[in-house]
Every structure is written in structure tokens, then in C-alpha cells.
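Residue numbering begins at 1 within each chain, and the chains themselves are lettered A, B and C in the order written.
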Amino acid sequence: MKKDLVNIKDLSNDEILKLFDIADEMSRAVEKKERLDLCKNNILATLFYEASTRTRLSFESAMFRLGGSVLGFSSTEGSSVSKGETLADTIRTVANYSDVIAIRHPNEGSARVASQYSSVPVINGGDGGHQHPTQTLLDLYTILKEKGSLSSLTILISGDLKFGRTTHSLAISLARFGAKMCFASPPGLEMPEYILRTLREEFNNFPQEGTNIRDFIHQVDAIYVTRVQRERLGEMEYLKYRDAYVLSSEVMKSAKHETIVLHPLPRVNEISRDVDKDPRALYFKQAFNGVPIRMALIATLLGKV
Amino acid sequence: MKKDLVNIKDLSNDEILKLFDIADEMSRAVEKKERLDLCKNNILATLFYEASTRTRLSFESAMFRLGGSVLGFSSTEGSSVSKGETLADTIRTVANYSDVIAIRHPNEGSARVASQYSSVPVINGGDGGHQHPTQTLLDLYTILKEKGSLSSLTILISGDLKFGRTTHSLAISLARFGAKMCFASPPGLEMPEYILRTLREEFNNFPQEGTNIRDFIHQVDAIYVTRVQRERLGEMEYLKYRDAYVLSSEVMKSAKHETIVLHPLPRVNEISRDVDKDPRALYFKQAFNGVPIRMALIATLLGKV
Amino acid sequence: MKKDLVNIKDLSNDEILKLFDIADEMSRAVEKKERLDLCKNNILATLFYEASTRTRLSFESAMFRLGGSVLGFSSTEGSSVSKGETLADTIRTVANYSDVIAIRHPNEGSARVASQYSSVPVINGGDGGHQHPTQTLLDLYTILKEKGSLSSLTILISGDLKFGRTTHSLAISLARFGAKMCFASPPGLEMPEYILRTLREEFNNFPQEGTNIRDFIHQVDAIYVTRVQRERLGEMEYLKYRDAYVLSSEVMKSAKHETIVLHPLPRVNEISRDVDKDPRALYFKQAFNGVPIRMALIATLLGKV
């Protein structure tokens, strides 16, 4: 495996599956409330130049479950770090205080820059709208764990597929493992052509496309719901299309008995509260999976497994 | 004991006394600078939606003394968590990253909501002006530890008893253990009638009331001082009553030799600096007691004692 | 050794050298990625009333490498602590939650006040422009470690020597160990007369003074570069003198083969990026040395070595 995880492409399919095996072990330990001591000598630095409480807390939880320590900063303070100092200098300094760095930064490419200057492994915790590989890993892991396989599945991805860029890496990663896909998005917010072209040309993958989750819900094994932001569409269009992307318990009646529902969270109203009680609703379990996945990743990058 | 501590009423008198026994043990360990490993496998999440450095640091210190880890956020960042996400969703997510949650939130009732959605124990670290049960516990504990009993005591509570709502749970809790009380407050800031009625009807407890701490100081075993905020009274009234609520070493001359002085802190000027050297001034020791009390509570809720 | 480290003068030369011996051991442990358990029972409180991410993270890293825990606040929240509460009260409270306190505060003398009210050791992490003794220690340690001795060396200190007050403690500390010095600064930003007088009268030390680093670069064993702030000089003067204080790889050609380059960081442009690859550029190693130095200091103050 490479020194860093900046882009999901940094990992081969085999490396991803190996991480998932390790995550299974980590998951068992977390469920038994055991603290592993694999990384007890190690420090994780969480450099969050913009707020992302969920991602940051998940990384911290992972490191604590491995017996390690965490230092760093969250958004508000990040600005003071960068005051007049280049990212390269900050990284070279923090690499002296820690053994692995998780970075979140508003600028695309910043995690790659960090990895080039860091003497310790760097994990991209989101660089602008570009890449968020640990989210992609936990999404894949959740589907695989629940359904046993990716190649035999059909997965519906819904919401704003143009600007919701985490869906881009997810789509390509699902294609890497041979999954079939359906895309549901409002007109104007469809999956970009360059992603569709990559799916076709590199993976011979031809997703179905539509404008309403109801068109696909009955035939899919998993539904991956994301937001449609009111600002993207304008008020008239938003009101017109809103209901086509809200997963309610009414809509869930059309889904198969074993169809699972995922969401990267936080949700606003694109999944109704009444779905929460549906045993097929797995988005909080998906959030839990972020911990063993990040444990597996940190332990692997530190050479502890 | 219940899964959560949201309201001091969640605890029976026996449960409170049991916690105090455990706190005694914890206190001895802290004084010997021993780290217990009772909670070494556990993570405390401190979700502070408003700043309360003292309470947060005290919870963190307690968890570290138990060998555990801490993650979370303090005020400034809390706003970003809640951006578009319900408290229920945040709690369900964070419960996946931690084993016990301490929450501070400006809205009354928020800790109860949190406890309903959390799969792990929730401790109320203050919800608006409503409840702050760990403060009440450490107040009771300090008095009991110093004086040996609550039922034979008379305790003066002074300051703004109308809006200073931590005095409300304290008064009711003291009544539960049979203590007698005196209340000193400026006119208009008296203890509310519904609290007095509860004291009378549920506990057959009839506090003396007055407008100057000097009226009671000579007869009480403990003085619990709180602030009178200038804004509450208006400038003229404030100046008129201010001196009636300032505990100075001059006023302390009227107190009994063994009368103890408590304050939830931070203080502004309602206890003069010259009282700090008085051996009866126990407010910093009271702050120390917040650590063993929270240790006892966390360890109990996690089933470790 | 005293209970606290507020001013570099609190340490005798022997105490400094003893700390350096301990730092050598700590450094070896850190390089082997070993966590020491010397301070596993202890809590460090980092009270940062103004942002200083580098200093804070370095303290935290040191405490984690010693097996200890860390609580505290960074700038944004510090303001809420002090809301209406005196520094003395905050310190007396936090001393109940921790075993050693590192404080950073914008006001000169605040660390001394803190040390007077704290029942646990206090380390000054910078009080305004006054003192920053752990920075001075790591500067001295880096020079001594790299060059083997201080008394036989000549050290160039460049930049704004009037307002860049960390250079003041450094200069006096170097004189304490018998080093010779050269000072290069723009006119108007020279080392203050009271520092020069101390050097002359207390240490019989007569630094050379000039206005361009090129005047001294060929003859010195170490160059300690600091910033010249544009605002201090006015635009015309700044442009006139800027190049005289920028250390470039071109300027480094005049330096001796074994001359080392130091900088307290963060740098802006006073050391060109092309110097980073020069093996004589040791400023990131200097940053690393902040960890073992602070480990040595914390462990010593806690009586663990």
C-alpha cells in the first residue's frame, strides 16, 4: 500500500478488500468495547481547516479504540495556523509532533500537497469537493458487509449528482467492483458526462438514469440517498422536484424486503423520520462503520497490522 | 440506576449516597495521583453546544483519571454540527463514536431528547437554565463530606434566587435530605413560589426568607453564595442591595467557627478576595469535588463499579 | 529546580544542561516511536488565551509521548473562561483538574501570576512579547546538540531585534553559556540598549552589529533568522532593506560548510524555499526538538525523572 491515502484510486481493489477484512476484526473489538493497543505508541494529528465534526470525531474515535492519542485543531483555529505560513511548512512541522495526519481542507489538491511534504502518512479527510476517500471506503464497506457481494448488486444513487461530488467517487468505486447502478436526479443536476464516460469506457458500466427515485426503487438492492440543495435549483424547480427525492416510508413500500437505505449524513429532509424505524434503514450503522474502517486504515498505514 | 442522568430527580436518595461512597474512593485515588483503569476501554463524548469551560474540563479530567479517552466539541464548533441536522441525528451518530455522552445545550429539555435517541448513557451538563445535575451532586457531596450529615444542618442560599436556577435543584435536593434552609435575595429576585410550595408540600420544609445575608450568617452551617447580576435589578436597585450579598471577611466574623462557604464559580465580586484565605472558604475544594463526583457517575453509568 | 518555569532566568545553567541530558533520552524514545509511561497518571492543562497552534501541539505531543493526558482550551474559547473571572480564579480551579499547566496569554506577567495561584507547576508558553522560555530552551538545545558546545561558537541573530523579543532571551541565554554573537537588523530595529548593556555588564559580551546578514554570514557557526515585519518599517524602508534579511541559497554560498540555519517558525519569506533542501537548514529539526525538550521539562516538574 502507498504511504498515504489521498484519492480512492491510491488503493487497488485487493487493497480495499484487505482493509475490509481488517475492519471486520476492528468492528468485533469495538462491539466488545475492547481497546486495542495496536497504536498505543502513536499520535494522530487531525488538521481540520474547515469544520467537519462528524469526520473528525470518527477519526478520533478510531484512534482511541486503537489505544493511540490525538492532537490537532478544528476549523476556527485552522485559520491561525495558516496565517502567513504555507501548508507545506505547517505539515512539515506537525509531522514532527505526530505519526499520522488526517487533513480536511477547503482547497482541492491540498491533501496531495500535504502528502508530498509529510514524513508521516497523510489521510485525506476531504479536500473541497474533490475527494473524501474514507467516506467512499465506509460506503463500500457497508454495502459489502450487508449484501455479501458488490458485483451482483444494483444500487440507486439519488439526489444532486452534479455537485454532490462524493457520489462521483462512489459511482466509480462501485463500478470497479462490478455493481450495476441507477441514477436519479433533478434535471440539470445529473451525473456529469465525464463520470458517465469513465464508467462506460473504463468499466463497461451503463447506469440507468431518471428523475424520480420511484422509477427505480422496486428493482434495486441498495439506495444511496444524498441531498438536493434548494439553492441549486431555484425555488420553483425545487418545489417541483422535491418530492421525487424524498424517501418516505410510503416510498419504501415499493422497495424489496432486503433493500438497504444508506446516506452519508447529515440528512436534512431527504429521508423522512418515519423511515428511521424501518429495519432496512442503515445510515446510522453506516456511520458506525466509519470507525472500524478508519481504524483499519490508520493501523495499516502505521504498519501495525 | 437509570441509563441516563438528565434531572437530579432521576436519582433516588440511596442512589445519590451510593454515588458519594464511590466518589470518596475516587477522591482518594485522585489525591494519590493514581490513574484508575476502570474505563480504559471507553470514550466520553463532550458535546458542548455552548461554552462552559469549567464543566467541560471537569468532565474531561474525570474521564482521564478513569483511564478513558475524550472526544467532542466546545461551543464555537457546535453550531456547525447542528447546521441543518437535528439533535436526534447528531446524538445517534455520536453514540456510534463513544460510550457515554455529556451534553451542554442552551435549550431546556435538550438533554432529555438526547437521552431518548442515544444508545449510550447521556449526562446532562446543563440544559439552559433548567437542570445541571452534576453541579447539584457536587454541591451536596461537598456539604455532606465536610459536615458529616445533611439532616441536622441549616444552609443559607444567597443571591439571585429567581433566575439563578441551579439554586432551585439545590434547594429541593437539600430538602430531600432533610436540611433546613435560609434564603437571602434582593426584593424581586426571591425564590419562586412554585419551589417554595414544593418544599412545603412535598418535604414539609419551611425556609426562612430575608434580604440580607447578615440576617442569617450567624446561625447557619453552610453559606452557598451565588451572583446577583447588575442587569437584573437596574442600576439604582443594584447599588442599593449590592452590599447585602457580598460576603467579605468582615461579614465572615459573624459566622460560626465551622461554617463553610461554597460557590458554584465563577464568582465575580460576591465573595471578596480576602475571604479566600479563610479556612472556611471551600469553593475551590468544591470545584475539585466535581472530578471525583463525575468519575463516580461515569463509572457507574458504564457499569464499571 | 523551582516549581514553575515562567522566565528562562528561573533555571541555572546547570539545570538547563540537566534538562538537555533528559531531552536526549526523550529524543531517543520518540525516534524509536516508544511511548514512555512516566506521566501516565498525569494530566496537562493547556490554557491558551491566544492562538499558538505550534506551541500548543508541541506541548500536547510531549505529554502524549510521556503517556499522559491533555485537556484545555485554545484561543477562541479562552475568552469565555475569563468572562468575569480573574486569571487567579481560573488557575486555582484548573489546578484542581490537572497536574501541570501550560499557559499562553497575551498579557506580560500573566504566567507569573498564574504560577503564584497554582498548586501545580506552571509552564509559561508565552506571555505577550515578554517571555517564551520553552522556545529559548529548544533553540539552545538545538545549537548545543548540533555543534557540541556553546562557548566556542559565534551566532548570527538577524531580523527585527527590537520588537522580536524572543531574540532577547535567546541573546542573553547564549551569553550565559559564553557564545559570541553578531546582530543584523534594519536601522531602527536594532537590539535594545538595555539588552546590550546586560550583555556587556553581566557577561562581558560584546556582539558585533550590522545591517545586512551578508556582513556576518561567512564567519558564523549558526544563523538564527527571524522576521522583519513590513508594518514596522514603512513601505519604502521595507523595500530598501528587505533583501538584506532574506536568507537564500545564493547567500548560503558564503556560509561555512558546517554553519547551521535556525528559525523559530512560522517563517514567511525571510528564508527562501530553496534553502529547505540545504542539509544545513535545521529549522524543522529544531521544531522537532520542541517535543523532547518539553517532555524533559514536564517530566522534571512532575518529579518523574
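By our rule, a residue touches a chain if its C-beta (ideal position, glycine included) is under 8 Å from a C-beta of that chain, and two chains touch if they have at least 3 such contacts.
Worth saying up front: this structure is predicted, and the values here are computed from it rather than measured.
*Asks:* Quick one: how far do you have to rotate chain B to sit on chain C, C-alpha fit, nearest 5 degrees?
*Replies:* 120
*Asks:* So chain A and chain C: same face meeting same face, with over half the numbers shared, or different?
*Replies:* Interface between chain A and chain C is built from largely different residues.
*Asks:* If you average the CA atoms of chain A and of chain C, how far apart do the two points sit, in angstrom?
*Replies:* For chain A versus chain C, the centre distance works out to 41 Å.
*Asks:* Counting only residues that touch at least two other chains, what does the list for chain B look like?
*Replies:* Correct list: 76.
*Asks:* Which of the residues in chain A come into contact with chain C in the complex?
*Replies:* Of all residues in chain A, those touching chain C are 40-43, 45, 69, 71-73, 76-77, 80-81, 83-85, 89-90, 92-94, 96-99.
*Asks:* Going by the contact rule set out above, which residues of chain C touch chain A in the complex?
*Replies:* Touching chain A from chain C are residues 33-35, 51, 53-54, 57-58, 60-61, 64-65, 70, 74-76, 265-268, 284, 287-288, 290-291.
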